[in-house]
Amino acid sequence: AGVSSGEIVLGTHLDLSGPAAITMPPIRNGLQMRVDEANEAGGIHGRKLRFVIEDNGSQPPQAVRVVDKLIRRDEVFALLCPFGSGPGVATVKKTVDAGVICFAPYGAAALIRKASGDSPLLFTANLHYDTTTAAGLKWTLAKLGSKKVGFIYQEGPFGDLVGKGVKEGLAAKGMALAAEAGYKVGDIDFSSQVARMRAAGVDLIVGATTTRETIAVAAEVKKLGWSGVNVLTASPGRAGTTLSIGKASVEGLYGIGGWRITPASAQGPALKRWSDSYRKRFNMEPDDVALVFYDYASWFMQGLQATGKDLTTAGLVKTLQASSFKGESSYETQRFKDNHVDPEWCRVEQVVDGQWLPRSEIIDPAKSSL
Amino acid sequence: MGAFDSASLSQFVQLGLQGISTGAIYSLVALGLVLGYKATEVLNFAHGDVLMLSSFAAWYFIAEAGLSFWFALPLVVLLAALLCWLLEARVMRAIVGQPQFAGVMLTIGIGFMIRGGTSMVFGPDSRSYPTPWTGHATTLGGAIVADLNLVIIAAALGVTALLFVFLQRTALGVAIQASSQNQLASYLCGVRVKRLNSLVWAISGAIAALCGILLAPISLVDLSLWFVMLKALAALVLGGFGSVPGAILGGLLIGLIEQFSGVYLPDGFKDVMPYLVLIAVLVFFPRGLIGEAHGRRV
Amino acid sequence: MSRSHYQTSYAEGRALLRTREQRLLYGALAAALVVAPFAIPTFYVGEASFIFIMCIASLGLMTLTGFTGQVSLGQAAFLGIGAYTHAQLLTLGLPLPLSLLAAAFTAGLAGLAVGLPAIRVSGLHLAVVTLAFAIVTEHVAGRWKSVTGGHSGLAVPDPVLFGFSLGGPLPFYFLCLAMLALVLWLLLNLMRSATGRAFVGVRDSEAAAQGLGIHVARTKVLAFVISAAVSGLAGALLAHQTQFITPESFGLALSLQLVLMVFIGGMGSLRGAIFGALLIGMLPSLISLAKPLLPSRIGSQFGLELFVYGAVLVFFVLLEPRGINGRWVRIRGALDEFPLRRRGGFRRQKAYMRSERG
Amino acid sequence: MTALLSVRNIETWYGPVNAIRGISLEVRPGRIVAVLGANGAGKTTLLNTIAGVIDPAKGSIEFEGRRIDGRDADAVARAGVVLVPEGRQVFTFLSVLENLRMGAFARRRDPEAKRDIERVFEWFPRLRERQGQAAGLLSGGEQQMVAIGRAFMGRPRLLLLDEPSLGLSPLFTKEIFAIVQRIRSETNTAVLVVEQNAAIALATADDGYIVELGRIVAADSCARLRERDDVRDFYLGGAGGHAAPGAAQAARPQRRGASWR
Amino acid sequence: MAFFEVDQLSLSFGGVRAVRDVSFEVAQGEVFAIIGPNGAGKTSVFNLITRVFDASAGSVRLLGREITGVARHDVVRHGIARTFQNIELFEGATVLDNLMLGRHCAPHGSLLAQLFDLPVVRRAETATREVVEDVIALLDLAPHRMSLVAGLPYGIRKIVELGRALVAGPKLLLLDEPASGLNPEETHELAHWIRDISDALGITVVMVEHDMSLVSAVADRVLVMEQGQVLTSGTPAEVQSDPRVIAAYLGA
């Protein structure tokens, strides 16, 4: 379904109104921009793309309804980067059961995969937080020589997964977690979590925190004048916005990166053109997240293109499984292995003078043995 | 035993101070709620959203328009007061006399509109702006507190004192309490009830704006700022609805409980402890810790 | 033709369908509901099942809030408890009907636990106690991994009855419809007998209720238990609808939606609960259907859904503070007296706030 | 002499219920005017309409030559027309003293207000004893005293009383009416009083109106009204207000269905 | 043993001694009135009898059974029903439902039976309805049967409340100022009803009342209270001529 002589219908559901709406604009814009570009270039094998975006409010029941709508009413051919672990887990089975491809959902990839019953129609491009965290943490422990590690995490699947990685990383070094402290989305104050870390005397805080909380934790550490400690944020906290909003308070912060952030000064001509085009389209500054989702969409378009005129679900699945991709946001070329992106390139970086600078090599967690 | 050696003592002081300064935020938000409730017996669920909107407005004036903080502060406070005045005069007034819950529903709707509207106008992403106190901290008795937190404590104290005097000592304040108890009788006494209600909402809006402006630099200008309303609600009920000192007490208690349970209890208790305490307290003090006298004569 | 109708026995006075017209009307409605799923696109069949589930939950809350006057801001917790119980028991192999019953029962027990403080606490204080309970429940659901699967969630087995799967859109539609009909019938019975009257009595005057021999505390707790049990049933069905349950499915947003349903529908009326669930339940879909009609500058703004949602709420509360049911009753009244009705009927008099403290 | 208050042909509705169907009446300065009528006749509605508590759908109300209909109740009160409403309506959580002070809210800067409180305490010594108590905890009669005292604190030129004797002891009912007369003679305040206790109302007032089904059916001086047979039958309980002992054994009167809607 | 006895009953609120050592006895079938100045403690005595307040001292007995310790909602099962000075009706319900609620103390089937509307419930409902209809007929409430209480005039509400208390089938009926707000004609009619209730239904009535015409018309005996204490008691005629009562209550 979803493919007619003149049109391919794609859909997604994002949190346009709920607690995660904050992070949605670059995601939506990145996806939309790639779709628009494809249409401007005459479509894919002559078929125009129609992209339907729905609001899931980060709520699973609501997500189930919009996915129903996308599948049954809009009859989409594929879902492109739907957002949220909860919504993803709740809807992926429905999606694949209806024969609809789910490409690069943004959320806990392992959980979504499990919920899908390991369906071949699901392609996950988002790194597994546990494996990358474990790899990044192992490198950091070796490099910084940290003795006691604490963990601040967001309650939810994201925090759980990073936590799993933290424990694995520590176990590999024969260490155990010295302290952990959770928080809820919407908490305004992280002093008690940091105080807990301090009371336990840790010298490395790992944060399963998104932008806002990463900044808050770093700022709290700075405020206390607590010098003997490093802060390492797992993937989503290591973003461009952390710098632009956090400013001085995030100086010195470590982060595990899952994609390349290229400072404006170092951008090549292709990236510059992309940035200008983005600015023009959306009247706002592009950021790394927008580029990541633009790249995901590109990978998908590449698959569509390569499948050829005779587009079927099975055909596309086959093409994607055999495809490889390197975008401006990828560290290195990646492909799909068992429908999951491989290798899961990651890198430990640090904020220096308001920029993420590489500290480690590019790591393949599957092979990392530090 | 040495359980209170100097290190743990200074940690204790640090937690206490931090608890008080977080609690002061809750108290300040709760105060705004109490005030609106006192006059119109409407629990304003849009209060947190006014607070959130104010922080966006402050960001706009300071970071975008480049006004100085000291100019933006009164401006935003004034605008928020105006907004709330209009809300009362144009919207809330239409359901006077309807069951109390109609007001709650209406403000929930208004809250959604404000949140949706803010996100439509400004976009949903978070941002920040500088204040004169950003990045400064003070050492007090071995504990370190951000200056901004001290300012918030001072603001909470100041607002409380003003409100207390206003409500208890001035004729207008007594009239506010009177109209909430019996609006009809208040009209019959010649009180300009409508204007008074709008005024109270305006003051409450001003307090929300003050909270928003002071809070945003700590937790960023963000759509989820309204969440603080939930904690304030808990504070309000813990202290006793409709009581100014109750709101302060409740807010501080919740702040302290969070801090101490965050460090001294196993992980996971911090977030639910305030609510567990709340339920326990209400079972023994059904009207909150310093709730109003009750009982209707039959 | 006059609609007046003379009753010839007391039993007739409490019959559910009193007049011929009513029997015809509701008969037609029932027939339509049975035929409809075969005639409409599958997407709408799924939507209808969801609305039925919301109707059940809304009826549950109406029992508590609309009839007994106890506001609950944490109703979603009971749905959650029902959903988790159901998912676990189904996984253990319990047959569907028993598991549904057990879900209602467990939620009812939780209702008992929350109801006990409610004996002493009232009004907004109670509302916040229930809110606190829901926050704690959600938290526990996230942490108690062995039972709930934590934030990773729990898969819900397909509903199977006598070896026949009810998971597909059509069978599930009829499962939900049947459950709704059952719950509605039970609650209608309850509300027209002594316990239902006692609920209203406790709501309107505790002093008088006590004087008439109503055990106020027990009645309040009973309302909590019944309301929670009905909500638990709704939760169990909702679990099938989402097929995978996570704690955030049962958060504050759902609780607020339920409160909005009973209020916008019209307090103190089962019909109101259904009206409210219809409106609030369909609103997100309606907004999403209407979005393509908007100019894309506005249609693509973030927060548009929330804004429109809020605006519709505000519109309805302002239009009819007593709920859709209130308007329904007035319109019906106006039709009944049609030629005799004089002007001024819909004009609103000045009104004054009456304190509910004390 | 021109009228202090003149009500012309007002009509008032509660949604679909037409409670007043065209009433006109006048109160001249310094006069006490009584309004009598069965339950549900529309007396309370009449007073509420004059006081601005509800709006008339038709007709005009003039006070001291100025239109007051359609204004809000607070504006009417400040104009000098103060209502003691049905059901007392005290501020339950405020003390007796604060209740009285609220009565003088519109003239809270007037130094005379203090003296007026003394005066109210003189009339109602019981209130002086209870001045610190929350008004909601007072007995029914005590609350009535608070309501009347509070209205007086507004120094009205026209006082509207809705069943002031409701729930008061016989002695106190007499006192209230004596006080009403005192207020009138000391301050030349005109009074419009609605009363079920027709005997005492007709004895105190100068002029009287009788309302039935939202219309005036009789208007005259009280002296003449007292003489009328129908008034005696219906409003004075047949024998000057006090049914003789044993009257209950008399034949049961047929209820006049018309006055019950 | 007297039918109904109140013995040395006392109540204080903080410093205010609202009721002090009040004792009286009422015989079966009697109409007994309590009068006294405002704030004398009459309503408080009613509230003590129906257990709204806990007495500081003293006891209340009906047919020799102690009432002072029973739960509030059990008072009616001991045969005592009351009305309230400020009318406590269920505003959101119809007159019929208000009256049906009056009979809550009668058996009405278990919760499960109610949920499934079993025959036992239907029978109980019909039985209740029959009692209610009798009262409706007695008090001429038929035209208002289906009206919402909230829109009724004051006088009708008073009667509805009286009816609700009657439906409970009490042995002892407490009426708090039943005639307040009624005009003389209606009061006159009320007098008949109270007599009917007492004579025809055999219910003992204790009422608090300020309208002496009603008291004279129906009361067998009168108790006069002042400042929480018993001032005197006697027949209506005796009491009305007592100089202390005239000074404190009736006025010259």
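Each chain carries a letter (A, B, C, D and E) given by its place in the written order, and its residues are counted from 1.
By definition in this document, a residue touches a chain if its C-beta (ideal position, glycine included) is under 8 Å from a C-beta of that chain, and two chains touch if they have at least 3 such contacts.
As the structure is a computational prediction, the values presented were derived from the model and not from experiment.
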Where subunit A and subunit C overlap in contact partners, by chain label: B
Steps in the shortest chain-to-chain touch route ending at subunit D and beginning at subunit A: 2
Pair sharing more residue contacts (C-beta pairs) when C-D is set against D-E: D-E
Taking each chain's C-alpha mean as its centre, the one farthest from subunit C: D
Intercentroid distance (Cα basis), subunit C paired with subunit B, Å: 32
Inter-chain centre distance, subunit B versus subunit D - centres from mean C-alpha coordinates, in Å: 44
Centre-of-Cα separation between subunit B and subunit A, whole angstrom: 35
Between subunit C and subunit E, centroid-to-centroid distance (C-alpha), Å: 40
Interface hub residues of subunit B, defined as touching at least two other chains: 116, 119, 123-124, 181-182, 184, 187, 268, 271, 292, 295-298
Touching two or more other chains - residue numbers and ranges from subunit D: 14, 53, 72, 92-93, 136-137
Residue numbers of subunit C (touch at least two other chains): 139, 207, 302-306, 309, 352, 355, 357-358
Residues of subunit E defined as touching subunit D within the complex: 13, 16, 35-40, 43, 85-86, 140, 143, 151, 153-156, 177, 180-189, 191-192, 195, 210, 212-214, 216-218, 236-237, 248-251
For the subunit D and subunit C complex, residues of the former touching the latter: 13-16, 18, 53-55, 57, 72, 92-93, 136
Residue numbers on subunit C that touch subunit D, as the complex places them: 341-342, 344-350, 352, 355, 357-358
Subunit C residues touching subunit E - in the complex, by the definition given at the top: 10-11, 13-14, 186, 189-190, 192-198, 200-201, 203-205, 207-216, 222, 268
Residues of subunit B defined as touching subunit D within the complex: 171, 174-175, 177-178, 181-182, 184-194, 292-293, 295-297
